[in-house]
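First chain written, first letter: the chains are A, B, C and D, and each begins at residue 1.
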Amino acid sequence: MVNVGVLGATGMVGQRFIQLLENHPDFEVTALAASSRSAGKRYEDATTWYMNNEMPESVKDIEVIETTPEAMDNDVDIVFSSLPADFALTVEKAYAKDYVVASNASAHRMKKNIPLVIPEVNPECLDMIDAQQKENDWDGFIVTNPNCSTIALALTLKPIVDNFNVNSVRVSTMQAVSGAGYNGVPSMAIIDNLVPYIGGEEEKMESESLYLLGKFDGSDVINADFKLSASCHRVPVIDGHTEAVFIELDDKFDIDDVADKMANFKGLPQELNLFSAPENPVIVKNENDRPQPRMDRNAGNGMAVTVGRLREDQAFDNSFKYVLVGHNTVRGAAGASILNAELINDKIL
Amino acid sequence: MVNVGVLGATGMVGQRFIQLLENHPDFEVTALAASSRSAGKRYEDATTWYMNNEMPESVKDIEVIETTPEAMDNDVDIVFSSLPADFALTVEKAYAKDYVVASNASAHRMKKNIPLVIPEVNPECLDMIDAQQKENDWDGFIVTNPNCSTIALALTLKPIVDNFNVNSVRVSTMQAVSGAGYNGVPSMAIIDNLVPYIGGEEEKMESESLYLLGKFDGSDVINADFKLSASCHRVPVIDGHTEAVFIELDDKFDIDDVADKMANFKGLPQELNLFSAPENPVIVKNENDRPQPRMDRNAGNGMAVTVGRLREDQAFDNSFKYVLVGHNTVRGAAGASILNAELINDKIL
Amino acid sequence: MVNVGVLGATGMVGQRFIQLLENHPDFEVTALAASSRSAGKRYEDATTWYMNNEMPESVKDIEVIETTPEAMDNDVDIVFSSLPADFALTVEKAYAKDYVVASNASAHRMKKNIPLVIPEVNPECLDMIDAQQKENDWDGFIVTNPNCSTIALALTLKPIVDNFNVNSVRVSTMQAVSGAGYNGVPSMAIIDNLVPYIGGEEEKMESESLYLLGKFDGSDVINADFKLSASCHRVPVIDGHTEAVFIELDDKFDIDDVADKMANFKGLPQELNLFSAPENPVIVKNENDRPQPRMDRNAGNGMAVTVGRLREDQAFDNSFKYVLVGHNTVRGAAGASILNAELINDKIL
Amino acid sequence: MVNVGVLGATGMVGQRFIQLLENHPDFEVTALAASSRSAGKRYEDATTWYMNNEMPESVKDIEVIETTPEAMDNDVDIVFSSLPADFALTVEKAYAKDYVVASNASAHRMKKNIPLVIPEVNPECLDMIDAQQKENDWDGFIVTNPNCSTIALALTLKPIVDNFNVNSVRVSTMQAVSGAGYNGVPSMAIIDNLVPYIGGEEEKMESESLYLLGKFDGSDVINADFKLSASCHRVPVIDGHTEAVFIELDDKFDIDDVADKMANFKGLPQELNLFSAPENPVIVKNENDRPQPRMDRNAGNGMAVTVGRLREDQAFDNSFKYVLVGHNTVRGAAGASILNAELINDKIL
């Protein structure tokens, strides 16, 4: 068993880490770090538990520690970070001296030598790690995962980009409130309403997606060369981001072929049979009213993205449209970091 | 005062007609038609009232009649139709022999000689009426208004099409449940959820918009020649459709110029000062989290469309994006028919 | 393995039966009956699946049969009924000639010799079965479970009634929309709203609770002699009924003693270790903002009722208040019938 | 015209004051006080406007001042306070030296010589003002209104208490999220959920109601002598508190008589024809599924309380039940203070 820690352990994504790591065959949660307000308390006493199932017994008595590497026992190998971006900026580097940091924070995404990875999409970027360790003289390293809405989109784009020449992508999102944290979206803002703006989200989707679907030349990532534009919106849904995608290819295509390539897409996690890897990263549904967040967010234990309404776009040449749903705090956050760590544990540690 | 009737008077759009016509300076509701189950009853007794304010006193005692021209008094001039499409197909023609039929039904939209009109967008199509009357030997005629999501989109596209060369439009909608009628969307389908499909909606948006923004050559409409693709979705909002719009122009543009043209757009109803015409058909907001359905649907008494998040699209040349909110059962249904009738009353009757 | 059938198999409670019976150690679903519209089709083809997890593979290919005993194979022993009350009235009797009918329908509740049972509350009522079989000359029999809101209430009242002298109970409910069936509550009725009326619900709660907590004298049930009044309301929650309970005792009491009696309450299903029996039928929470439907409805796999806010009622002598949450379609419907069948299978078959 | 100020002007109740005071025939808003962060800015620039209709033109350019009497112009006569309770405790007294303070804050409710008033219920308590002024040597004074859920309840109890001998009242509430302020209830807490706890609410309802329905002996209030118990819960509704009420009388009664007394109840504001007074403070509906918050909260411009489901309670002697809906931020907050000020303006100033 690999001992792991969670940074930001009392927050909503921190709790999701703990929930997903319960009964993990390779990882055991032994360290929980949070703000100094929580440090020193039993985890159960420090935490208002937001998950729908009960807090795992195994973490209740763990004493919460401060979010500093010095507070961490040496027998921890991997720390999962769900820290706020500004705090992560300095803290994750401090941990990286000695620990593997699998981070869901945006602080270090797309920085030189710090891999931004979805294991099914661009696992080769883990090769950056050597350079990162050398450059910083670290024993550990940082690996990051993308933004929640990006992950779901990129997973569905990967089999398309691999098999067709993509000219352009436009995506309009309908995102769940959990993406903003427990207190992020007031009920006054979202009951009988929606909010057509999520700060920084469109920029993240546009830049991260092209990086993930680009090429790693052994030293740098060369972004994919298609165009991608996003419009991001918050809707009254607890979990599960929905995205309406418009795709234009360079060439003629067969829509059944697209469906086929998506449905049969497998990546390295499936090949390696990683614990959190869904059997199919992309599930294609034929019912015309799917995917729906409440019905489909838990597909593949929340690690699969469900695609539906895949159809030719009659208005444009060589174009098609689809809708996807992905679980934003599982595949789009904690589960993403865990799958990264599983890949690292299998290939590197 | 012009006496008017409402067909489908007990339904949700029928009730919206009655609500909007209360205190109308030119129109007085004197006839209410509904199914034979309701016929013969007082309107108040026949109706489960769904509107948020009280049923107008003036209609409570009106005896509901059957939906047939024979049941209608001769002193009625205009009938508003919120009939289901299949029923409207035959019934509206029967009424058109003697009455002006201002229809919100889709049955006769875009048919030869039957105008599909938004008064601010293509009032010239009312010139079809002569041919319609001659062709059918009718004293009355049928005029239709577009689908709810189309109206809001077309109103915002009009000042763009008039001032710029539009190459393509993609629109992703987040539509209110009232658009499906009172019983249309079960709560089980939409709480903590959304439904990424609305039957026929995308086809209507795509075809009606190009018609409305096309050219009437005196006999036929030549569709606008840009490309338009829609993806339509239902969200947990009572009233107010939200639409995320991606626009590609043929040429360079200035984004402030687009905002300016939208904000200052006026049409014939504004010029004629029609009773239901909003001062500005399109309101442009600068706050980055607007428009929101609960906050903006009632702008201009529900007859204005609110645009926000107007921004350049960095991913594409000559492109910009925006979000709009329009009230789907006011400007998008009953209010649309009433404004058509006001224009007809002013120009033709 | 006992072969079981489900009547009303394509409906929402029918689907819940199938979901809960997947992987059941003693029961295997081999017969699925529905309306003649569905009969003859594969279950997967006949059904719009509403559950959040996938349809079990084992039922997809079962051919749906008509809802008549003649269509049923003889090797079925138990049929679960989620039929509408009016249809259940005649059909369940026809099945009872040959089959054990565990019914969630209200048709035969509290009828002479037909047990209305919650296994933790009044298992002794199963002794009515002999008389029922003799009276009707049936090989099978009917056993019913109470209304969803009654079950949750009665489970929490049982340890109180057993240990204290209850004078009166008043209960105000906040019930989930799933209780009305998939199409039962339009979204227009419940978004930013609630409906303070559920037809027949108050009468069921008031009469069924007194029966369940009464005494079976070997031939008839003598109702409990305290007073019980209910006010029932529908709120925008998918699953999980919440009930605010006001209790007046005849005597002084200690509030910790009440909590203790509830938390340690066990019934026959716990003693017999029945498969669907929760470890504790009533869970008592101390956090002041619990129970909440989304957080607590799945306690004990949906078979436990969670109580919180247990507090003395300062306004009245010998009085206390609490709030409960129970899963209305698991413990309150399909799970209730299954637990009844498990008890019957253990004690009678 | 009387010049009035609003304390806490940028908050949600502050905005409701401004909205309700637009076009008021007697009051003109000339001073807006808020935190030092807002002071010095134009009101429009200092405020994120949460109301559904537009910010009144008349307040946009008012310069926000600090919340201290020194910052206020002398020509203001009445200040409306929507300050947080702890801040109100000291600040309102400072204003009371020179101004009439009509407060929605809970800080001074039920204190000696400070009237807690609903104009239809206990206007005689305004007679405390003389003693208050003398005791403190103030030129102004403080008058308070009750908690939102109390006001709606007390208005419906008043005609009952006046006409029948009430023995006990139990009330279970389903309260709107706006009652907690814009950021008070996270969407994560309330979508597909409810929260069965509102801090301090039950205590306020129980104590304030007995005060309001008690007797003022010229010096002190002697509480009403019936028993009243509350259980308070938050549901996913924007505006409009719903309350299920169980009432036990000492004597036999006729349910139609109760309905009649409620429906015909009028108080001093109706007699004086105060501007914000609804024609009927209590509206009684016969439809069995009313009142509903979205449909009934705006009755009487949000100043009337709607009662429905008035029915005998079969379980108890001399008992009945009903459900009420009242607008929590109009009649239950800003509108309550304004009506108090109108009464004061009519009778005292």
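A few notes on this one:
Here is the rule we use: a contact is a pair of C-beta atoms (placed from the backbone, for glycine too) under 8 Å apart; a residue touches a chain by one contact, two chains touch by 3 or more.
Chains and their UniProt names: A, B, C, D = Aspartate-semialdehyde dehydrogenase.
These figures come from a predicted structure and were not determined experimentally.
The most distant chain from subunit D is A, comparing centres defined as mean Cα coordinates. In terms of C-beta pairs in contact, the better-connected of the chain pairs A-C and A-D is A-D.
For the pair subunit A and subunit C, the distance between mean C-alpha positions equals 40 Å. Subunit D has its Cα centroid 47 Å from the Cα centroid of subunit A.
Counting partners per residue, subunit B has 189, 191-192, 236-238, 294-295 as the residues that reach two or more other chains. Taken in their complex, subunit D has these residues touching subunit C: 168, 170, 172, 174, 189, 191-197, 206, 227-229, 231, 233, 235-238, 242, 244, 246, 288-295, 308-309, 313-316, 319, 321, 323. On subunit D, the positions that touch subunit A within their shared complex are 12, 50, 177-178, 182-192, 236-238. Residues 52-53, 191-192, 238, 294-295, 298 of subunit C are the ones touching subunit A in the complex.
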